[in-house]
Structure formats: structure tokens, C-alpha cells
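Two complexes come next, and they have one chain in common, chain A, joined by chain B in the first and chain C in the second.
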Partner chain A sequence: MGVDQGQAIRETLLKEIGKCRACRFCVDVCPAYQAAEWVENMSPYGRLQILKYLINGTLNKDDPLVYSLYTCLQCGRCNRVCQAKGQDLEVSNLVRLGKYLLSQGLVKGKKSEKV
Partner chain B sequence: MDVNRAKVGRRLAKIVGKEHVFTDRPTSVVYAKDTMPWDVEEKNIPYAVVRPSNSQEISKILKYANEKLIPVHIHGSGTSLVGLARPKTKCIVLDTARMKEIRVYPERGYFEAEPGLHIVQVKKELAKHNAMLPLFPGSELAATIGGTVAVNTSAHGVDAALGKPGDFILGFEVVLPTGEVIQTGTESTRRPAGIELTKFFVGSEGLLGVLTLLRMRLIPLPYFEHIVAYYNKTEDILDTVMEMYKQGIFPPLFYEYLDERASKIGFEAVGLKEPVGAVAMMRIHSWSKAGAKERAQNFLKFLSVANPIEARIVTDPEEWNQIWSSRAEAGNYMYRLGMTFGSEISPRVDKLKDAYQEAQSIVLNLESYKNTEFISFGHIGAPTIHAYAFIPTKDISNEVKRALTLEMREKTEDLNIKYGGCGGEWGLTAQRVPFLKKKYRKEVYEVLVKMKKTLDPNDILNRGNLQGWV
Partner chain C sequence: MKTVYWTEWARGPNLPRSGKTVLLTARMYQMLPYIMQVTGLIASAKPFVSRSGFGAMVNLGNRIMGDKIIRLKSLGSKNIRSKSKKILLGITNALSTIGQRPAYLYEDEPYSGVLLYDLGLDEYIEEHIVKVYRLLKRHNVKKVIGVDPHTVFMLKEIYPRYIEDYDIEVKHYLEILSENDEALKKSCKKSLENEFVIHDSCYMTRELGIIEQARSISASLGITILEPGNTKLDTACCGGPIEYAFRDLTEKVSTTRIQELANISKNIIVECPICLINLSKYEKEMGIKVWDMGELLLEAF
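Up next, the complex of A and B:
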């Protein structure tokens, strides 16, 4: 992944996640959140926060439980709730984009650029 | 304070099991974030998140926290609008999400619920018994019953029509900050008279104990009728509410309004034709169908007092749903279009119009950001005005967001003081402590500090909320 492409994805993610009000209306519909017995970092809201704080440097990719991002099943239920009751974010797409950002750094087999 | 996260984690794991303790930073950050528009800072990030399943585990956690002098911040769903939910200091976050049991006892006239249930889940369960939950937060999809009762918020409901959550609480199981488990109240539908502890925990905002079981009276589901009224200007709605109280007319259970600007945003959001001016919407309740119809007819007649453009009873449930949704959507869409900085103004009812006009002037003349726009809506029958400063961009710094939030808070709180109110929806600590001190003076604030110290000598629970958050 080129640095420029990485930068573009980071900017898109920060802009979109910046719209989230942290209302948490999306958490209950997430099957992974339910299966995890309601742990918030396994919810759509939680994944967006992890991505935001990864990008702004508060967290780093080696922190345990960044893998919460990978618990998203891409079912899209959160998107519907956010569209109806929240800020109309395509939450699952943002998470997918965030996973891509992370995994590209990892598969290259070298130290990832700071996410 | 030098705290070893791993050590804290191991100790907590002995109490609740290792799968219910998190000491990693991603989890801690997620739990520290709330609805405040600026980011979590290093000082807010907890050492650990612990997820107990019962009062005995909470008791052990609090005893350990007292032994090690580590603060504990209670987490329901983090939906507070005045910063109650964000930890003010490094701490253990105590998440109540695993406590979701509910037992309905029609033969006893009450139900018992654990604190981690979301309001919408409780409503669903009670509906099976034809009962109503008298809690109406706009965030019912996420807000917990524990948090709602801990703030004693009447939220969107009109207090004079039904009461506050505390009016329906029969008793609690509470874990005190030092770890003792106590029972309060009664198992009868007859609430105790005299000095009984339940009332001290209702609205205590998690400062005096952790509510681990709530016992609430069952309320039969009423019949509803709905009215929508269109006005040229918001002032006509304010006149109507003032007149309603003056004439001693029993208020609707919900009495909402959208000002001239909010009504356009809300109606457009739900696909309705743009209204000319402001809109009021009312939900009238009664425990008989005929009673609800009669009350609605009478209220409709009364509404002519301020010459609405049109006022009518809405009988089509789909149409009502669309009109009613416009109120919630106005708030959502405002936020989609930019940033909003809110307030909660609940003046003495005969001063409603004065307070509204001054709120408008405050929003239009803020110092932290020039050219803010004024938009308002709220539970006007209560009365509550939510006056918002709106800016049409999200591209502002954390510092400006914080400054705008605090300037709006301070200036609109002065209206509450000037006009004799104190809100009734968002709680009184965290960001609202300066108001609390200003309105009720030092003596009253010191009583609260003494109460806190009596029950929580090491200031373990929700540390920082009573000290205020700036």
C-alpha cells in the first residue's frame, strides 16, 4: 500500500468517524456484540472508536484487542440503524476500510507505517 | 498514583473471571468515550474495564478498590449529555452490561430489573404484561434503566402529567461505595413514608452507591390520542403552555415543539411538507379509550387560545409516527449538517417566554465562535427548552468544541438561575457542578460533599463528577 493511498484512507476514515456522536444506538443490533456478551469494543460503535484512536496515535496496532475490528461480520445492521436514527454512516464499510489499512501493513512483512 | 494494570487485571479476574476483565487500551478507550464532542485524553483512559454479573462481585470489586484507593467509574451505556459518563480520572470502569435480568410479578404489582438492561428491552418485556415503563429518554435504544433512574430523568415526559422515575421506584438493592450490600424500600406497592433510604439513591448519579436491582411499580398501559398544531411562530406555543398551567389544565404526557428552523429540518428529514412556522405535538393519555378521546377533544379546543394556523387530532398511526419522528430527526439531522451545542433550560413556567428570548440572544452572541445559528426544540410542556448553537461544519478543533460547550452551558445555566429552574433531564454533576454551586450556594454543595464522604470516605465512586468537570 502506498503511503499516499494510506493517507487518503486515513483522512476518509477520520472525516467519516468524526461524524459519529457516540450515541451507541447501533450496539444492540450487532450479532458480534451480542455473542461477546455486550462488550462495547466488539460493537460497531467500539470498532469506529478503535479505528479513530489508532489513526490519531492514541492507540497503536500492537495493542491487544485491536482485533475487535475483525469481529465485524459485515451484516450491515448497524448501517441501517445509523441511517434511521443516527448520522447515516456506512459503519461496516468504514470498518472494512480500516481492516484493509491494517492488513496491508501486515502482509507486506515489514514494520507497518504508523496507522 | 502508580498502578500496575496487569496486577489490577489479575485481582479483578479472581472476582469476576478473566473473560470479564479487560486491561488493554483499546477497550479502555472505547468505554471512556461518551457523547461529548471532543476526544478522550490520556487522563480519562481507565486502567481496566470490569464486567461483574451480580452484587456480590461488585461488593468485592469495591472492597478491593477501597483497599488500593483506585477510583471506580460506573458505566451503563455512556449516553449522558453532560459528561457524567466520561471518567474524570484513571480508574476501573465498572460496566453493568452483564446485569440484564428482569422479573415481572403482576401478582405483586411490580417488576424487578437489573441495571444493565436497555430501556427499549424493558419496554418490550413490560408490553407482554400490558404495562408501561415511565422512562422516556430519547436514547432509549441504548440508555440503561440503571443510568436513567440514577439520574432520575423525566427526559421527554411532562413531569406534571405523570411524575419522575423516582415516583415509581419501590426499592433498590444497592452496593455501597465501601462494599456493603443493602436493601431499601418495600415489596408492597405502598411506598414507605418518612425517612427511608430509597429516595437518596434515586438521582444520586452513582455517587452514593451502585444500583444492582431496581423494583418498580407496574403501570397499566394507557390509551393515547395525538394532536399536532402548526403555528406562525414559536412564541405562540410558549403562550399556550403558560396559559395551560395558568388555567390549571392537565397537561399531555408528551408536549414537544420544534421552532421555525427545527420544524423545517425535522419535517424534511421524514419526508413531510415543510411547515410555515413552528410545530407542537402532543400525546394525551388516559386509562380508558373514551377518556383519552375526551381529553384530546378538550385539549384541542383549548389550543385555540394562541390561534394556531391549524390544530388537529391525528388518528392515522402511520401519519402520527411520521410527525412524531420529525422531532427526533430534527436533532439527528442538525448534527448531520454540522455541530450542535445544547442546553437545558427549565424556567419557572410564567417566565417561559422571557427565558426563550434570552436564550436566543445568548446563542446569537457567543464569544467562542462567531455566527452561530439558533435552533431550538424540546419538551415545552414540561417546560424544557433545548436551545442549540448550530455551526454548519464539523471542522473545528477539540479546544473550540470544548470552549463552545462550556460557554453555552454557563450562559444558559444563568437563565435557569435567573428564572428559578434547574433542568430535569440531564443530571446535576459533572459539567453542571458550577451551576449547582451557583444556584444552591456553598452551603448546599457542602451538604452534598458531606453526604458523599459519609458513604464514600475514599471518594471511590465516580470520582470527579461531584468536583465538576471543566
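Up next, the complex of A and C:
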């Protein structure tokens, strides 16, 4: 996995996350968020924030918050209600791409490439 | 012939070993007893709550690639095993009533790699997809009939992203049956006059757009379908996709859903092996019965 591809994925993710209008329509419909009893980092919107902060270096990959990405069911309910305009990737795909970034060690943390 | 757990069901229908159209179970129904055991193993080891859990997640992907994860012995799973056989028999019986007799790849049948995809392990997935595609090509497969939405999604939507000139036609068996509604109705041996509430699968509806098919087939079998509040494109998840790692959360998601369904009817139809295993856990406790569409097809034909 080259640095360039890592950079490209990070840029794509930041660009797409930037299209989020923070309307939070996705939050209430997320089954994982409902099951986690309304903890916002377990919601689609929360997962996008975690991804954003992982990419800009505020969070590192060893942070417990990162596990929220893995609690996504990939059920796609968030995509149905999302009000972001001109998206190239749907919310659940952004979360999945975030997991890819992590599995490739493309964010800061132990044994990770420097961002 | 090598005996592998996923071919046991196929002894009865004796499907041909080669043909342009194959039925691809991708071992999903056959894996159900094993998945349950593996889940227990992982939950007890709790590798995902530790700070170094991430490495465990990647290793899990590796192990699935090598099939090691499903080579473990199953525990107390006779019921599920016989249920999964019945489902696959029901599907093949229904297909044969409309004149479709696909081939089956028996011991060569591959797993689609969907868990690797969900985990974002794209490097492994690429390797896996190439392997599966080559295998299908070696068998001269032109068309695949899938029995579960996750496999159909992978082969239809994800595989073409990795394979240039991907030329395999992929359909779910519900699509094929519903195109032959009339023939199905005529050859239905036993009308299943009963009311069932339907639980749509997330992948089936939102990713594949297969919604009305299950309803029209049910009508051909004499079944009255009741709709829950969250249905069709707004269906609610059974919780299954994260069970391998987050058991408590899965249980909360599935309890919420099963309660919504059980409030409408004690008879529930599902159309996906993951939904089946996650929702049927509550059968005893709630006095309900969860039927896979394949079981109903077996009753009818």
C-alpha cells in the first residue's frame, strides 16, 4: 500500500465527509445507535466525525472510539435519509472505506505511517 | 468425492456437476452452525475490546481466507443443520418446478468473501475475488443463481470492480422464481393458507432492490403477507453483520426487530441466512416461528 494511495483515500474521505450538512437525520435511524442507547459516536454522523478526526490526527488509531467504526452493520439505513448534497460515496461506504484506511495502517498510531 | 460440510444437502437433488448456470450457495446456509460456534469463541476471547484488538480483526480476516474459522467442530446444531438442508432443497425444488436445473459446484464451491468486504480488508478481498472468478471461469460458468443477498451483492456489485470485463450474470433465486409466478402457482402442491409477517433483508432491499419478488411468490403459495412498520426500503437490520465481534449490541438490535415483528404475527418469513440465525434465536422464548422462504418452498412443492 503506497503513501500515495493512502493520501488519495484520506482526501476522498475528507472531501465526502465535508459534504455532510450535520442535519443528523441519519442518527435516529441507525440500529447500532439505537442499540447503544443514544451514544452519538455509535451513529453514522458520529462515525464520520471519528473518521475526520482520525485523518486530521486529533485521534489516533489506538483510540477506543475507533471501535465505533466496527459496530456499523453496513445496513444502509443512513444512506436512505442522508441530506448531504452531491455525494460520490454513501455514508455506509465512507465508514467501510475508513475501516480500510485503518487496516492498511494509513492513519496515525502505533506502527502506522505518519500522516 | 471429498466430503465437505457444505455439500451434504446436495445428495438428494443430485444436481449436475457442470453447466453454464450454477446454483451458488456460497456455503452461507451450511455455515450457520459453524458461525454460531465461532462467534462464541470470539466473544469469549474478547479480542476486540482490547487496545490491540485491531490486529485481531485483521487476523480474523486472514483466518477466514484460509477457511480455518469454519473448520471448527460445531456444537449442538442438529436443528440448524437440518433447517439449512431443507431450505436449499426447497429452493432447488422450486427452481425445478419452473424447469430450471442449475449445476452445483459441490466441493469446489467458494465463499464470496463478504465478511472481508464488510471489514474493509480490501487487499484480501481482491485476492479472494480473483481466485473465485478464476474458479468460476474454469467451470465455464456464465450465470450464477444465488440463494442469499450477501453473496448476490458481492458477485453482482463488488466483483466487477476488481475484474476487468466481468461477464457473469448474477441473479437471486427470488428474481427467477417471481419471473415465473404463474408456473409456480400451477405446480404448488400444497397451498400454505396462513398469515406471515415479512422481515426484509437490508442487502436484499436497499442494495439489490429485490422487494416485491418475495411478496408475489408468497402470494403464489397462498400466503398472506403482513408488513411491519419498518419494511421494504426502510427495513430494520437483524443485527447479524456484527455478531462476530459485538454480541451485546447485536442482541439489542435483534431484540428490537423481533419484537416489532412478533407484535404483528407469530409466523415470520425471512429471506437471508444471517437474518434467519439471528431472529430464530428468539423462537422458544417468544413462542414464535421464523421461516426461511426456502422452507416454505419445500412445504409447497
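Here is the rule we go by: the second predicted complex is superposed on the first by the 101 of 115 C-alpha atoms of A that agree within 3 Å, B and C clash if a C-alpha of one lies under 4 Å from a C-alpha of the other, contacts with A are read in each partner's own complex, and residues count from 1 in each chain.
Criterion: contacts are C-beta pairs under 8 Å (C-beta built on N, C-alpha and C of every residue); 3 or more make two chains touch, one makes a residue touch a chain.
Quick caveat, the model's predicted, so the values are computed rather than measured.
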### Task
Have a look at chain B and chain C on chain A after the superposition and call it: clash or fit.
fit
### Message
Just checking: does A:R24 make contact with chain B only, chain C only, both, or neither of them? Give me first, second, both or neither.
### Response
first
### Task
Figure out whether A:Q49 sits in contact with chain B (first) or chain C (second), or with both, or with neither.
first
### Query
After lining up the shared chain so the two structures overlap, which partner does A:N79 touch, if you call chain B first and chain C second: first, second, both or neither?
second
### Task
Using the superposition on chain A described above, determine whether A:E40 touches chain B (first), chain C (second), both, or neither.
first
### Task
Go through the superposed model and pick first if A:E11 touches only chain B, second if only chain C, both, or neither.
neither
### Query
For A:V66, is the partner it touches chain B (first), chain C (second), both, or none of the two (neither)?
both
### Task
After the superposition, just quote the angle formed at chain A by chain B and chain C, using C-alpha centres and rounding to the nearest 10°.
110
### Query
For A:T58, is the partner it touches chain B (first), chain C (second), both, or none of the two (neither)?
first
## Note on the structure
Overlay on A puts the nearest Cα atoms of chain B and chain C apart, in Å, by 12
### Message
Please report the chain A residues shared by its interface with chain B and its interface with chain C.
### Response
64, 66
### Task
Within their complex, state which residues of chain B touch chain A.
22, 24-27, 29-31, 33-35, 39-40, 42, 45, 51, 77-79, 95, 97-98, 100, 116, 118, 120-121, 139, 141-142, 328, 332, 335-336, 394
### Query
What residues of chain C sit close enough to touch chain A in their complex?
48-49, 51, 53-54, 57-58, 61, 117-123, 202-203, 206-207, 233-234, 236-237, 239-242, 245-246, 249, 252-253, 256-257
#### Entry: Residue ranges of chain A touching chain B (in the complex, touch as defined)
18-19, 21-25, 27-28, 37-41, 45-46, 49-50, 52-53, 56, 58-59, 63-66, 68, 81, 85-88
### Summary
The answer for chain A against chain C in the complex is residues 1, 31-32, 34-36, 61-62, 64, 66-67, 70-77, 79-80, 96-104
